[in-house]
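Only one structure is covered here, and it is reproduced in the block below.
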Amino acid sequence: MPLNKEQIAKRIAQELEDGFYVNLGIGIPTLVANYIPKGVNVVLQSENGLLGMGPFPFEGEEDADMINAGKQTITTLPGSALFDSAMSFGMIRAGKVDLTVLGAMEVADNGDIANWKIPGKMVKGMGGAMDLVAAAKNIIVAMQHTDKAGNSKLLPQCSLPITGLKCVKKVVSDLGVFDVTPNGFVCIEYAPGVTIEEIKAKTAGMLTIADDVKEMVF
Amino acid sequence: MNKVVANAEEAIKDIESGATLMLGGFGLCGIPENCITAIVKKGINNLTCISNNAGVDDFGIGLMLQTKQVKKMISSYVGENAEFERQLLSGELEVELIPQGTLATRCMASGYGMPAVYLLAGVGTEVANGKETRNFNGKDYLMEYAFDADFAIVKAWKGDTMGNLIFKDTARNFNPLMAMAGKITIAEVEELVQPGDLDPNFIHTPGVYVHRIFQGVNYEKRIEQRTTRKPQA
Amino acid sequence: MNKVVANAEEAIKDIESGATLMLGGFGLCGIPENCITAIVKKGINNLTCISNNAGVDDFGIGLMLQTKQVKKMISSYVGENAEFERQLLSGELEVELIPQGTLATRCMASGYGMPAVYLLAGVGTEVANGKETRNFNGKDYLMEYAFDADFAIVKAWKGDTMGNLIFKDTARNFNPLMAMAGKITIAEVEELVQPGDLDPNFIHTPGVYVHRIFQGVNYEKRIEQRTTRKPQA
Amino acid sequence: MPLNKEQIAKRIAQELEDGFYVNLGIGIPTLVANYIPKGVNVVLQSENGLLGMGPFPFEGEEDADMINAGKQTITTLPGSALFDSAMSFGMIRAGKVDLTVLGAMEVADNGDIANWKIPGKMVKGMGGAMDLVAAAKNIIVAMQHTDKAGNSKLLPQCSLPITGLKCVKKVVSDLGVFDVTPNGFVCIEYAPGVTIEEIKAKTAGMLTIADDVKEMVF
């Protein structure tokens, strides 16, 4: 059975290593914070200007001055640091943030990503997405494998306007885990109950099944 | 060296129609509420506004959109604003979208006297159109120009009469960067203090960058996404 | 996320001969005294040192010059050091001189992931030799590359175990800039505190830039030019 | 009689306007701080990272962490701000500092300046001089009109290695005050007791005497 959003987040959380600085995008990526493995300490970065993002505040303790990049009220933690938006993207560009997790509309088998604009629809802007995908040293995409009509979102090339080139390192979809390699997508795990045949059928981009492919374990 | 003006009306009194303004803030966080109100009241128009976002329908820069004072928005993200969308689709409003980190860094470049910097964001995308691309150490970068404005309007937590500013929490965001990038920089503060009241070790914006300062009033500080958790049992 | 090491010896234990080091400080102000002592003790050599100054004969980087550990100095000003002068004139020591603001900005560019910036300093001088010159708005600028080092060694006033740093007075100088530019950044602090002890609003160097931190001991903090005034009668 | 160092500093101090941010170099320029006219409030910048430099500390109150760009122990004043060296030169480059006063070995009649290197002598480095001369929007040079051998230091072109091109706006020497214009040096004031003939004889660069030239008043 394909993963739900929480399961996608939970699987991505397994990629976190102790001591990582991590930027979590809006949507499924935000949920990753709920599944950080025990004993793994990570520091969450919010690109509007915070290292050490804490949980939502208790009711009544919200502070309009303390929000994350999704404009949600949040808190700090002991050891947090605040800074301006130039330093925030500066540390990402300089490779100091170990991992960025974000959503996508499309990913190509060379790592290109499209996630900011649909021609013909109102364009809201790229926000920090173009900076993050261009500059982050390790990018995992959390996404649905297909659109509502069943069309693959893992493609030979993006059909939507590009957000960044050759930047995605790994995709965790509702169907499995895919490394992005010089040979395209390599399926290294499949969701419990999902077949390799289904993954093949629903992946339009170049796809290889890893020799040691295995069922995902939570 | 006293840079204090009485209020927002006085601070913005020489801003004329057609001016280019930078407005600090991220979403509704850390926005110069008093100056926005005064600009709406003054009724100037044809403004070019550089701000990361465009407010919501009834708050922030959204108020200036309601009164059709804005000719062009330069932002990274402009969602959550129906009037904005209407004006954009009808062609009344121009929009230029810039990646968030590029917007921030171009303001900083201005404050540091660097005419251009090389940044990664947007390589290979439509943002790169017309821009010089250059390879350093095997990676392509876009040349981005420093960004200034006739007036930079920022909101700080505290400031002293010499223009030194400190910001609180994530309300810092673009404010200190834009404060460096204004030909004239106007700062509204929640608390105006005397020289010596702020620790010189912890000034975010040195007064040299600030031309006018005043104590703001009636801050609403609206929250866009109120997210909370329940107390644990 | 605990970045604490026991002392300077442990902090520098993997620095090998031939490494490129950045050392914070301006004159003798804000220099990493403990690490310099440990480097002298460790006896590594052929070091390239990037630091605004080269210390005095018997303090600061001067101590590493006495022991002939430095192959090359990259600095803006190297006066007040007889042994330095002797080694330079005898050809034992290479020196590259860089304008002070350029040195500072090239470190910052590294920490901000900007491979190159355009700066005014040195246009038309011998510093411009071999550098690309480019005109922006009628002024010539030199293209200057970001600057990093195998190890950046800085001295802070206080730091927490997660690597967040604050600096005191003009001992800040190059320290936060170099802290951003090290492949490995080592911070020695006068006072090591716990996470939460520093106000997150007033961190000068976020911990993400710092890899190792320790509480220094026996700071001498020598004054180069002791200038005073008499109390008024 | 030619001015002494204190008088040069005193004359330069007359150039200060209320509200100016000023960077004073080492040597004679430092003395300018002692002669700031009454009613004129200026903020002194020290390029190692301080706005609002105060006087030397009282004996016993020196702090090794608080020095100026000349490495002298100093103090702060109410309203001072501290920052790193990149921001310090940044605000100079951005034209936020109104006036820079510095010394020179030579000034050319087109505004070129040489003040950092004498071939054949140990080169100590340019420190911040190249940044300051290239970036400051208004530069006044404080200098002796001639060297010890009596040779003019106001030249048709610098013979020493250049620190910066076409940047000096005004020279105050022991003999007078000289604007640097497209037509070379223009003498606008002479020191009390110094003759125009002496100034002409000791100025190798292109020199014009202003129609309204007058004796310097302190």
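A few notes on this one:
All chains are identified by letter, namely A, B, C and D, in their written order; residue positions are counted from 1 within each chain.
By our rule, a residue touches a chain if its C-beta (ideal position, glycine included) is under 8 Å from a C-beta of that chain, and two chains touch if they have at least 3 such contacts.
Since the model is a prediction, treat every value here as computed from it, not as a measurement.
Distance from the subunit B centre to the subunit D centre is 37 Å, each centre being the mean of its Cα atoms. Centre-to-centre separation between subunit A and subunit D, using Cα means, comes to 56 Å. With each centre defined as the average position of its C-alpha atoms, the distance from subunit A to subunit B rounds to 28 Å. Within subunit B, contacts with two or more other chains are made by residues 105, 112-114, 119-120, 168-169, 172, 200-201. Annotation for subunit A: residues 76, 82-83, 86, 89-90, 92-93, 135 touch two or more other chains. Chain contacts in this assembly follow no simple pattern; the graph is neither a line, a ring, a star nor complete.
Pairs of chains in mutual contact: A-B, A-C, B-C, B-D, C-D. On the subunit D side of its complex with subunit C, the touching residues are 46-50, 55-68, 70-74, 76, 82-86, 88-90, 92-93, 112, 122-131, 134-135, 161-165.
Residues of subunit B that touch subunit D in their complex: 1, 110-114, 160-162, 164, 180, 194-196, 200-201, 203, 206-209.
The touching residues of subunit B, counted against subunit C in their complex, run 105, 109, 112-120, 136-137, 139, 141, 145, 166-169, 172, 200-202.
Touching subunit B in their complex are the following residues of subunit D: 18-19, 21, 41, 43, 45, 50-52, 76-83, 86-87, 89-97, 135. The part of subunit B that touches subunit A in the complex is made up of residues 26-30, 52, 75-79, 85, 88-89, 97, 99-105, 107-108, 119-127, 157, 168-177, 204, 221-231.
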